[in-house]
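Before anything else, here is the set of structures, which you'll find just below.
You will see subunit A twice below: alongside subunit B first, and alongside subunit C after that.
Right, the complex of A and B next:
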């Protein structure tokens, strides 16, 4: 599964960069517009270590932000799953706030909270919180009638059991949305760093843009992609492990 | 009868000749459409570009010019190569980097004779009369930008080790400057510099400007560029455009046209008050044509060579690019 994720990413990356080189060849563009393969290779050799460190910095922020948002989304989603005033308020607020573009909010947050780790973490958590929250609310507010009915009729359906049943029956959806939120968290953190931070791969990409160095950007995209592919592969393995443990090893 | 027939034939021929001449004249006065990509958003630094359009200088030269605002995500030189623009504005470091990577770009005119990039500071709190005064201070730079290059060149010229100065990255908002965390901040003297100086004055503080050119660093700023292909294939178009543009700049820099220029800029920049734009124009005049004897748009070859040298020293390019070959001036000698 992990090797598959990696070679799938490599195929996409090679196809994308190959397309760029074809465009360069057909339109006879200079290295300033689209760098040549050698230029990208040399830049990769010079910068990969620095960019790997930057990506790990960003990745660390994104993962911590994602974990925080998962806990928050589960807590708020469970609390807001009922068709009460609070439940509908949570849903409406989530729909509205997730529509706000991060490019508009990030500069305000950086002004108020500064350039550091906390602001990037806050943005990473915010980016993936709302989609997670809406998924959790959707899962937790939909009864699994054929299982819950017996417990409900016998008066044994406590809220903890209700949540466990719904989570278990929708485990695949939950792991899919958690895996997807990893990409969101990473993308959101990179965008925030690009706009206003002073660390991370987004910041390095901004510097590369100021220098009009497309080779550096292509190298950065490679390092980001490979890191995310490995992480998503890991999340899939983890999700399967959790499912196996919860089902007691059954299929 | 015969006479009437001859008369009629003659009139018919006259009519034919008349229509042929009109058709030929129509071809001769066909307006040519070109796109002109600026380096940044429209403001006082683009006064001449806008006035060349709004003042009718382009149309007088039978050109229909689409003046496109620039920005951080725009690159005029790339657009020239892709064919999205025929003319553009780029800074010297952009041109030199592009040439180093094989771009066939030609510089037609140098708009700013003095680079407007300077550093603002509170002159009642800090003394900056020489480069050595930067020691121990925190100086803002945009990593990857030309202000970083200029600052490093200044430190090298002043013999000041870079670890004696704390260089701090800046972004678009001025919070760190207002909070005095980064007390020396890069600005464009003729635009942001005026607004920031006013804000300091409101707070009872005095603004000073640290000008690199006073210490011998002449890093060329905005210049008009086009592709070599266009210069070779359509020299008359390039000449028409350049002349019309420089005529527009000349008129824009005349104090007598100030209000017309302000109105022309206001069509594109509705946020800056008129009084501020007027002061920005006054500052811009001093940088576009500091010496009335120097023709507007003159390419300062010595400054270009210095810029190239600075970029080689800072390893921004691996070797000199023979930049003089890319300057359209009669004086391409060292």
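Right, the complex of A and C next:
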């Protein structure tokens, strides 16, 4: 699972960078527009450590933001699962708010909270919170009648059991959504750094953009991609482990 | 007062063109093992859900005697997969019924399955496990909707005799398509009939056969014929 994620990323990255080189060759573009393979290689050797540290900085914020958003989505999703006034309100609010791009309010957050850690964390958490919330609400508000019936008619269906049944029956969906939200959290953090922060790989990409240095951007993308692939692969392995432990090794 | 009394039941599924039940009235006089019989799609499951209170009729009344609730169980129910069948049954056994549980597990031929997960069982095994946990609960009337589907005939017979011997004071409503089975084991057989037939439900006396009782083949054949004619 983990190696497959890395292979997939490497294939996409090589295809992408290959396409850029083909465009460079076909249109006879200068190294200033699209650098050659050697230039990218040299930049990679020079910047690798700095960019890796920047990516780790961004990654740390993204992971904390993702964890916060998972807890928030589960808490609100559980509260909003019932067909009550409150449940309907939460669902409608979630659908409407998620339709609005959180990145668009990022400048307001930077103005109010400054360009430090808290703003980056807030934006990362918000960007992956709403898609997670919609998935959690969808899963938690769908009864598993074949299992819940017995507990309901015998008066044993407490809310904890109801959530446990629905989470267990949708474990694959939940782990996939959580694994997928890692990309959102990372993207959110990078976008936040790109807009106004003073640290992280998004900030480094912004500087590279001002220098019109595509080599640096390509190297940064490589480090981001490989880090995210490893993290997503790790989440999938973790999800599989949780499922195996919970189901007693069954399918 | 009868075990179950339904009067003037009217029911129509939302969006459906036809009324499923209109003025449906019937009763079950005494506790015992009774059946609800009829062709597929006639409304047996809907009626069972109305009786158990899972769905409400548009009008009419359902009255059951006693304090104990009416439970409805069906053959597609599942147990959660996070622990073994034995652990689930153990957790859903009310206090003081442990010996009944162990006896039923043995009689239903489930002893060797207690350490297994529900998802690894065959359909017949799943149905037996599910029925067993309902039998351990408090109930005045238990509606068994195809609860012994996919169970072989010999085991089904053992289970039905065991239920009748263990719960003589409780009421059962067994939904099945097996005419021989309902005619042999059931006391009253409520035959659900087509919309155009009147009355919609016809009550026929079954043989209510018990384990150590001789089987009256002629009476059984007569009951079967009566059921088929009524349906």
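The criterion applied here is as follows: the second predicted complex is superposed on the first by the 249 of 251 C-alpha atoms of A that agree within 3 Å, B and C clash if a C-alpha of one lies under 4 Å from a C-alpha of the other, contacts with A are read in each partner's own complex, and residues count from 1 in each chain.
Following the convention adopted for this analysis, a contact is a pair of C-beta atoms (placed from the backbone, for glycine too) under 8 Å apart; a residue touches a chain by one contact, two chains touch by 3 or more.
In this text the structure is predicted, and so the values were computed from the model without any measurement.
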item	value
Partner chain in contact with A:247 - subunit B first, subunit C second, else both or neither	second
Partner chain(s) touched by A:13 [first = subunit B, second = subunit C, both, neither]	neither
Touching partner for A:111 - first (subunit B), second (subunit C), both, neither	first
Partner chain in contact with A:168 - subunit B first, subunit C second, else both or neither	second
Partner chain(s) touched by A:198 [first = subunit B, second = subunit C, both, neither]	first
Partner chain(s) touched by A:156 [first = subunit B, second = subunit C, both, neither]	second
Which superposed partner A:147 touches (first subunit B, second subunit C, both, neither)	second
Complex contact set, residues of subunit A against subunit B	27, 29-33, 35, 39, 107, 110-111, 195-196, 198, 203, 206-212
Complex contacts: residues of subunit C adjacent to subunit A	52, 54, 69, 71-74, 76-84, 92, 117, 119-120, 130, 133-134, 137
Subunit B to subunit A touching residues, read off their complex	72-73, 75, 77-78, 81-82, 94, 97-98, 101-104, 142-145, 169, 171-173, 175, 316
Subunit A - residues contacting subunit C, complex	146-147, 149-150, 153-154, 156, 164-165, 168, 246-248, 250-251
